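One chain, chain A, appears in both complexes that follow, with chain B as partner in the first and chain C in the second.
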Partner chain A sequence: MERSSFATRSVQLAFLAVVAGAWFFATETGSVTPLFLPKPASVYVALERLVKTASFWSAVMVTLTTIAKAFAIAIVAGVLAGYAITRSKLATQVIEPVIAGLFTVPITLFFPMFILFFGIGTGSKVAYGATYAFFPIALNTIAAFSNMEERYLRAARSMGAGQFDTFRHVLLPGALPVLITGMRIGFFICFASVLGGETISSVAGIGRNIALAAELMESARMYAWITFVIATSVTLNLLVYSLENHIRSR
Partner chain B sequence: MSDLASPQNSPALAASPGVFARALRKPLWLRVALLAGVVALLEFYGRLYADPAFMSPPSLIVKAFFDKIAPQPKILEALWFCVAQIAAAYALSVVFGILIGLLIGASGFSRSAFLPIILLLYAIPQVSLLPLVILMFGLGPAAKIAFGFSHGIFPIIMNVVAGMRDVKELHLRAARSMGASRMDTIRHVILPHAVPSLFTGLRLGMTLTLLGVILAELYVSTGGIGYFTRVFAESYDPAPLFALTGCLAIIAVIFNELVRIAQNHLTPGKRRPPTLKNSVKE
Partner chain C sequence: MSETAISIRNITQRYGAADESGAVLALDDVSLDIKKGEFLCLLGPSGCGKSTLLNIVGGLFKPTSGTCMVNGRLVDGEPHPDKVAFVFQESTLFPWYTVIENFRIALKFQGIPQAEWDDRAMRALKAVGMASFASHYPEQLSVGMRQRVNMARGICVETDILLMDEPFAALDEQTRMVLGEDLSQLLAATGKTIVFVTHSLAEAVFLSDRIVVMSARPGRIKTIIDVNEPHPRSPDFMLEPRFSELRNECYALLRDEIRATMAAQRDPQPQSAGA
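Our next item is the complex of A and B:
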């Protein structure tokens, strides 16, 4: 990030203050209906009430296990497929543009098919999240392993390194930064697509609860859920960035 | 059917290292062969093994397009609406994205003050706001355009800012020493430098605009594309569902290609963003 002086910090704080103030005044004066924008206090009360219910935690657990399953499948499939493809220059040239091209088409299009194949339960969300996260992970695995400098490999071989040693000491450390970037992007795509899948069509989970609150016009509860999702996602972002820096600095 | 799928194994071609063999070693043709092989496999599997309630061979999907999609004016109208919404959302994203990007990127101060705010907003999973957007803008096109716009604008802003930031100090100093004013520097040095990065943002913005519009389309199941996908999926009629999805995929590919063609024609000196072209960054 850029240098953060006192002046830039105060501009950011002023921005937040203006947003919070606008929210407060618009709801206090009643110029916005509470259906679209409830009072900050009532959102806080709703959030407090929400986290005390058992159904809140069961919905969170459903979503988290779905994300975990989808991400695990995407990592295994993406890294294995990506690595296998880079073992041949021709395969890389042939297949990589196909994967990259497919990734520019929103996979959300195919969401109704996931529902058709895997039902409306968590299975379709796992498959959908895994498919979405597969692409960045596979693409970055291909980029990581195919851009390896030939002379490093040759040097390792001429110093007597075997297949496994070359992989362990040359290929893997060289590929790791790009690989990890792929996994980070894959994780957040997985997170967003599982939430999106639950929002569009589901029976349980966080996304379903947001949609349900909207359908019932309980906007305070909906804002409480959204607040929870945003807080979770900001926390996850910070966690993943520090984890990434930690792995890279080793 | 399978001769396209595995051309390398065909003995006749392997024996004659002529024009065909050389053509087959070209990645493009292998790619076409690969895709044709996948289609052939799907046809084979769909005809012989698959449950017709879930899978449909490609030939029946094409037939379903002409039988059940093309003659229905309501579905065609929904598709046209989708195209118009994507175009409107993208136009808004481009105009406001470039404008806001230029404002934020104009000085080091505005960049370090406002870019973190943009990054924070970009990190919010926007799908969690989808029901709210529908609640605010209703079930019609306004909500879909708004949702596509809110997806598409962020990568454009960020790439415009990034492109303006990475101008070499040397070029700036050269412009200044030759008497260029602040406006001249922006017009003749900073903006041309930002173009490749701008197009990276425009392409990413298109991908995300498509995502936003289609998410909103699928969420609203009482009208538009979402209604028809739900009807086909619930009646276990996969062929028209696949055909409709195929139409949307083709629309998405066409929109992506338009941006790519614009990029190839409008980038000065055909400069490209740095290598590693398909590793996904942000």
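Our next item is the complex of A and C:
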């Protein structure tokens, strides 16, 4: 992979160092009040204290479970709906632009409705995350299956392939790269919307704790949570990318 | 006279209803017998229905009317992969499978027991000199190499009949000549019946026992030319005067058809409307 060349990596690390350095100097010189941006050292201490509490891990479990449920629902619904739509050229022409159009609507606007329908518990966040992630997954599924080259299907038919064999050995492997991309986009949208939903209105989870720390003006604690979320997000990102590359390069 | 492998009777193929203005008559009452072990080329201008005819023989399309029998069995818009194999352009190798996996899947689709897959695949790959590339992905090979693999994929299913739809169309001229020689060698040994669609004159003369020259739309059989030359053919055949004569004969037959096709594709010319 060319992008992971030494020079690119160096620039990226240098950028991180600059951000960290700016944070350090801004807080050391006292040009920013600790209420808005606490010192890195105090965030570190707060994080250390945080991970030792049982409530930290239970909040993390609530959020991760919510994300997992929302993502699972989005995959099943998005892939099934997307695949079903591509079985008809007319349906693809009619429904694809509708889904693409709906995806441009900020679904956040309907978040209060989710709370109304599913309550303030995790149910509303599952529904919200699943709804948001459904769109990119469905759209990529449609793209993946409707761009199948006719010549491969004709070749398979001439070899005597039945419907299931054609799906298993031609349609699915041909669609897989785009399908996986849809799932990756869907996953991060799911991750962001569950955390966002928790921050706006919830009773448990990481987002709830961030909102709570902010309300109590415990900035160090809030940044400790945020640092944890960023670290988790970066780790998941790397994991998903390597998984995607692994599947693509088979 | 040897046995008939493929018998085509009064095949007509129409796209769209007969009374519609946009209706196209692709094939008009075509009848043809193809002998067992024969190498037959369908030669004609673009859009003359030669690929359509091949697809009908292979069971990929059902004709509007007429019948096609393969080894005495009626082909009715259903492929018979146990009797007939197709070789399309090299781009029909599945890019998500390696070379050997492409063979396994072809054999699996055809219903061959799994125990035979690798043996058959390697035998076919050796025949085209590509055995050492079995674990490569198609995109890692050159176009010429891919087409050798693709030809081998058509051969490994070991059917009596091979239908080849412009298999060399994407290749440069030198590569297609060399692959044509390889094909002639390879097929002389197997005794397969081959129907080959092309619009290359040299390819048709070099490979065929008989050349079926088709007319521009609606596709009809214009003439059938016999090439009396034993297989396998050496490249020297191309240097013989007879080769050029046959090639010129084909060209003379096709020239009017190509003009007719082109005339139908451009603005009407008012001054020529007199007669």
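By definition in this document, the second predicted complex is superposed on the first by the 232 of 250 C-alpha atoms of A that agree within 3 Å, B and C clash if a C-alpha of one lies under 4 Å from a C-alpha of the other, contacts with A are read in each partner's own complex, and residues count from 1 in each chain.
In the analysis below, a residue touches a chain if its C-beta (ideal position, glycine included) is under 8 Å from a C-beta of that chain, and two chains touch if they have at least 3 such contacts.
Quick caveat, the model's predicted, so the values are computed rather than measured.
Q: After the alignment on chain A, I want to confirm one thing: do chain B and chain C clash, or do they fit together?
A: Superposition result for chain B and chain C: fit.
Q: Check the residue A:Pro106 against both partner chains and state whether it touches chain B (first), chain C (second), both, or neither.
A: first
Q: In the superposed arrangement, does A:Gly30 touch chain B (first), chain C (second), both or neither?
A: In the superposition, A:Gly30 touches no partner, neither chain B nor chain C.
Q: Which partner does A:Leu139 contact after superposing on A: first (chain B), second (chain C), both, neither?
A: first
Q: If we overlay the two complexes on their shared chain A, which of chain B and chain C does A:Gly182 touch? Say first, second, both or neither.
A: First partner only, chain B.
Q: Here's one for you: vertex at chain A, rays to chain B and chain C, all C-alpha centres; what's the angle to the nearest 10 degrees?
A: Value: 80 degrees, nearest 10.
Q: According to the stated criteria, A:Gln93 is in contact with first (chain B), second (chain C), both, or neither; which is it?
A: In the superposition, A:Gln93 contacts chain B only.
Q: Under the stated touch criterion, name the partner, chain B or chain C, that contacts more residues in chain A.
A: B
Q: Answer with first, second, both or neither: which of chain B and chain C does A:Val11 touch in the superposed model?
A: first
Q: When the two complexes are placed on top of each other via chain A, what is the minimal CA separation of chain B and chain C in Å?
A: Minimum C-alpha separation, chain B to chain C, in the superposed model is 14 Å.
Q: Please identify the positions on chain A that touch both chain B and chain C, taking each partner from its own complex.
A: None.
Q: Give the list of chain A residues in touch with chain B in this complex.
A: For this pair, the touching residues of chain A are 1-5, 7-8, 11-12, 15, 35-36, 90, 93-98, 100, 103-106, 108-113, 115-117, 135-136, 139-140, 142-144, 147, 178, 181-182, 185, 188, 191-193, 195-196, 199-201, 206-207, 210-211, 213-215, 217, 219, 222-223, 225-226, 229-230, 233-234, 237.
Q: Show which residues of chain B lie in contact with chain A when the two form their complex.
A: Those residues of chain B that touch chain A are 25, 27, 30-31, 34-35, 54, 108-109, 111-117, 120, 123-132, 134-136, 203, 207, 210-211, 214-215, 218-219, 221, 229-230, 232-233, 236, 238, 241-242, 245, 248-249, 252-253, 256, 276, 278-282.
Q: In their complex, what parts of chain A are in touch with chain C?
A: 151-152, 154-161, 165, 169-170, 173-174, 176, 250
Q: Quick one: which bits of chain C touch chain A in the complex? Just the residue numbers, please.
A: 58, 60, 79, 81-82, 84-86, 88-89, 91-92, 94, 96-97, 105-106, 108-111, 157
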